[in-house]
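Shared chain: chain A. Partners: chain B in the first complex, chain C in the second.
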Partner chain A sequence: MERISLKEVNKSYQNKQILKKLTFDIQGSFGLLGPNGAGKTTLMRILTTLVPADSGEITMNDELSWNNQHVVRSYIGYLPQHFSLYKNVTVVECLLHLAVLKGIKKSKAKEEIDSLLQEVNLQEHKKKKIKQLSGGMLRRVGIAQALLGNPRLLIVDEPTVGLDIEERVRFRNLLRKLGVNRTILISTHIVEDIEMTCDYIGILKQGEIIFTGKKEELKALVAGKIKEELLTMDEADAIQDQVISLKQQEDKCLVRYFVENQEKQQATVSPTIEDAYLYLTRKGE
Partner chain B sequence: MKFINCYNFYLKILIRTWIIPILLLGIFVFGLYTFLLGKDLNDPTLVLIANPIILALMVCYLFIGIYVTKIDEKDEIHETFSIIKNAVLYKTLAKWLLIFSSIVLLTVLFYVLYLYIFLTNDFNNKTYFLSVFKYICLYWGLPSFVMFLLGNLLSLWVRGKLVYLIALVIYSITIPMNYVVFRTEGNIPSTFRIDKFLSLGEPNVTRIYNSLYGFSLDLIHWDKIVLVVALLTILFLLTWKKKHVISQAQLKVSLIPMVVIFIGSVIYAIQPFQSLTDDDGETIRYYRQHKIKEDNSFESPVSFKKYDIELSTKSNLNALVKIQAVNTADKKIKQVRVGLYHELHVDQIKMDNKEIKFKQKNDSLTLYFEENSWKPNDKRLLEFKYEGLRSNLYFGNTQAVYLPNYMPWLPSENSRPAFEIVTNYHYLHRVPHQPSEKKTYHLKVDGTNKLFTNLSKNGDGNWEGVSSDGVSLLSGQLSSKVDDGVRYVYPNTWESQFKQPNNIKKYLSDVAQAMKTTLKDDNLKVPHTIYFVPNQNIADGVPYGGTWWNNDYLIWGFNQRDYPTHPFFRTGYLGDFTPQLIFARTEHVSKQDDFTFNILFSNFYGRALNNTLNLPNDGVEMAIDTLFESLGDSSLDDNIDALEIKQQLNTWLRSKESLNQKSPVYKKWNSLIQHPTSQKWNTLNDLLKEENSK
Partner chain C sequence: MTSLRKLDLPFEIKSMGASYYAPFVAILLGIIYVSFSSSADVVRYTSNIVEFVACPFAAWWSMYLFYDYYEDRASEVLFSYPLSPFFHGIMRVTSFFIMFLVAFFILLITITIKHPEISLWDLSILYIPQAILYSYLGFTLMVLSRNIIFPLLILVAYTAMKYWTMGGSMFPLYNVMSFSVDMKVSDEITGLSMQNTIIGVIFAIVGHVIISKRKI
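The block that comes next holds the complex of A and B.
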């Protein structure tokens, strides 16, 4: 599996620094979390070579530098956030077009497309035009095109945005499966996507990476700091800065919140990724 | 492989839009309709020059250009392909080739359609039909492709719907009819016209086809397209670099040749050249502004005996002329005036291989050789180097050559202006400049394939001979045939009119015979060559300037507007033409070029001749009325009462004897033309008075 290393990567737009000296490694199935405006999309665009970094270094396995744009591109499969293709062309025609452009011979491309469509469960829809596909199907076509040529690094930007629950679950399972044998980078602001598909997590906040590590390491950061209990609305309002989630239950609310006070720690619950993410992103606000 | 894949992919996309195939099919059907309309009008040239199909093609390809870029420029598609190595480049080039091939296909289809409709047994000249193909390529095909590229570039630069507005503005200023937008239609006396500069189509859309020059297919118009395509490609390359579509190395490799092509085409465009324009008023404007009073200094004291002429007829006329000249005066001369058309700019003059000073003003050159005065009977070698020609009456480039003997395109002893503005109606009159004695000519021409001349061919590109008629050179969209001993040279679009030209010969023979008998013009005969050329334009006013009846050949001029939509040489036309023929002959034999005196004779005598030849006189009588109206006191001699001579002419016209071509009045009148005196108007007046009193 490939390891992508970032060293002091900076990027500015119109005098505003979007990414600040990012230094971390991407490996396995890696989820990049962060609130809107954290710089995720900019980082993804740099990693996909769509835009160059202002400074810093990115390498694959300490060998291949991102300065070598054309070679890097041949190792990458990319599913953009707003993926679409030409409306009047069928799924197979689109994929074949992309496969040939990626340098796959036509005869081999047909076999590969068949196998990928099987993998993303679109065999039955391969002769449908792009305009006839649902949002979920289109995302799966996106994954199929990203996987053409068996790239060493798969980059997926906001994979489940706009999908219904059923499609979202199916898509997460697919990503999980794809991450088994290759490095996959998933950027999202939906914590659930990461929780179900990634082993490694990076959290980006205001252009800085505030955490990288395994899922368990992230959860461990907030172990003993999460409590869940029934409170009145007034009580919940009193601790609103600490609230993680709130569910209405008759005249009271089941409130999940961070505990700052050590004495109350006996009654804590086991933390989730979302708890840790919120804990880290709220820290210092 | 990648390229073909992209080509086929975009072909599918465009076909499946439906609207684009329907649009192109619609344009083709519309083209078919206009061609059939042209067939009904029997004018195969009009359907090309003034066909609105170019407007449809240009707008169609402009929007196709926008569309095919827009479908790829959506972020969701652009990003997917941007990270595939060279994908955007392959896709863009494939789109260009696809559109270019669609344009080639349409061009070929239109051409095949044109051949199918207009190619007949009577009208099948290869040169003409080849020029049609070039025309369709240059003015229908290439502008469409340029519009496509423009649309493409615009939608790379401008996002959203604003691009359509900008595209419409660009369309309106680049179409051939953009003079409507700039309000510059008509003959604007300006060397720079913004509408012409920006137009991507036919530059002379408002003028009718010139059957000698052909379509406006000069290299300069091809160069313009090359220049625009090179400029657009440079802009594309810079845009692609900015968008990371190409690398720095790719930019360098592709930018350098494009910049070289661009600079080359700019350099070519700023070189002097001659091309057909739609400004027919240039010549008449020039001579209105440069009126020259006639005096004796127009006749040179030297005689030119032998001409060695080297011509290059490429982008414009370049000439190197060596002349053996003799001082025929009885005294030394230190300067001499010779005639040369003002559009020919002299670079250098040498005398006996030494450069001498000169001054060029209007249609004359003054040569100065104070320190080396020219003794009587002394022979000298004069060498003139000059280039030029720009207006629409005379040509000297790759596409057409029209340098007739009556025009001073060679330095001549006669330094009178080439044209004169005559009568109250400001008619443009060609002042005769053919030599009055035999001269030897050696001619070498580079740049013209098929040249017609009165000299004899002596090897490839060389001609020579002795002639008292001067030299006439013609080339262009001309055909020739020999029938019954007469060689006919005529525009290839007039082919059908010369299928059986014996009626032309008979007409000329009758006119020549009658004139020879009555006017004692012993040299007059049916010429062995007849050049039928459109050498007059709308500025001429009257049709008396273009016909020239020399001893050996006849230049039968007609107006550039004339088109053989019916059998042309009908009795009506021939009747109208008789005075022109007579005038042409008087111009040849007259010792004094007096337009009014000669033109009146030509019409009066022509009327009588028509009567003898049973040709109608309706046109001639109308022409006489017009002439009477146009004659002012200044047209006549100072010592004659205009009213009185008009009255005498009118009375004569109403007499039966005026229709007798053998009448002594015509013999004496002709004698006054051949041997003019200062009292010729009074003599004519007395003659008419005497005849009218009988």
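The block that comes next holds the complex of A and C.
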């Protein structure tokens, strides 16, 4: 599997620094988490060669440099946050055209498209026009086009935005499956997307990487720091800066919150990715 | 050469939908007028139709080729593919311009058949440079604005103002049109045609630079 290394990558727009000296490795199924405006989409666009970095270096397996844009493009498959194109043509026609644009011969492309449509479960809808597809189906066409040519690196930006619950689950399962034998980078602000699909996690906050590592390593950061108990609304309000989640239970609330002092830590619960993410992103605010 | 093989005109045509047929409708109306008009001023009116209606339609496909790119935001996907900016821009636009020229020539040939005193050579020198200019102007305005309405409005406003003022000082902007009444070439018109061609090439280069520098 491929390893993408970023070294001191910087990017500014109109005197505002969006990415600050990013240095980390992307490998396996890698989830990039961060609040809106953290710089995730900018980073995706740099990795897909759509915008250049101001400085720094990006390489694949320490060999291929991102300065070699044309070659890099032939190694990546990209599904952006907003995917919609060629509304007047059918799914198959669209994919066939995109395959040719990617440099796949038409005869070979037909076979590949057939197997990709199976993989993304769109065989039944292959003769439908793009404008007739639901949001979830469109995302699946998007992933199929990204997979054309069997790219070494698959980049997916905000995979489940705009999908209903059922489609979300189906799409996450698909991403999980796709990440088994290839390097896949998923950028999102939805923690469940990462929890279900990725082994490695990076957290981006205000243009800086504040964590990279395995899921378990992220959870370990907040082990012993999460508590869950029934509190009144007034009690919950008193610790609102520490609250992770609230669930109404009759006249009280089941409150999940961070604890910092030792005595309370004795009755803590096992942490989730969301707990760790909130802990890191709230730190210093 | 590899890029040339990736050109898929039937697909591009299909993806444009009904919008693809607009230039043909304009040219067909021109052909019908030339074939059936018996007005005393038929040559002058025909010249107006060619200059103010047919030639500006050379910009139509140059703009609609980028409708999916910018209005549907497909540019983010398509520019991540291993394709050059030259392919996305000049190559696609020029291939559709050649298609426009084929239809346009049918109109010009119809004119020479109906009016044998007018030569096809003169018509080509008069009007093809205008079509070149409009085609690449449409391309440049589209990649600059990334919005189909802006270039359409500019072109409609420009041709309408030029028609009403007939190139007069009321609208003191460069005259693409020759305002010819006899459809014959003179030294002045040859100079205008050369200028139009050069400006067309400049627009093509500007569009190419924009598409190379700014992908999304």
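By definition in this document, the second predicted complex is superposed on the first by the 285 of 285 C-alpha atoms of A that agree within 3 Å, B and C clash if a C-alpha of one lies under 4 Å from a C-alpha of the other, contacts with A are read in each partner's own complex, and residues count from 1 in each chain.
One rule holds for everything that comes next: a residue touches a chain if its C-beta (ideal position, glycine included) is under 8 Å from a C-beta of that chain, and two chains touch if they have at least 3 such contacts.
Here the structure is a predicted model, which is why all the values come from computation and not from measurement.
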Fit or clash between chain C and chain B when superposed on chain A: clash
First (chain B), second (chain C), both or neither touched by A:74: both
Touching partner for A:197 - first (chain B), second (chain C), both, neither: neither
First (chain B), second (chain C), both or neither touched by A:83: both
First (chain B), second (chain C), both or neither touched by A:272: neither
Chain B versus chain C as contact partner of A:29, first or second or both or neither: neither
Chain B and chain C contact sites that coincide on chain A, given as residue numbers: 48-51, 70, 73-74, 76, 78, 80, 82-86, 88-89, 93, 97-98, 100-103, 142, 145
Complex contacts: residues of chain C adjacent to chain A: 2, 6, 8, 11, 14-17, 68, 72-74, 76-84, 215-216
Residue numbers on chain A that touch chain C, as the complex places them: 45, 48-51, 70-71, 73-74, 76, 78-80, 82-89, 93, 97-98, 100-103, 142, 145
Interfacial residue positions of chain B with respect to chain A in the complex: 1-2, 5-6, 9, 12-13, 16-17, 71, 74-77, 79-87, 90-91, 244, 247
Residues of chain A touching chain B in the complex: 48-52, 69-70, 73-74, 76, 78, 80, 82-86, 88-89, 93, 96-98, 100-103, 105-106, 142, 145
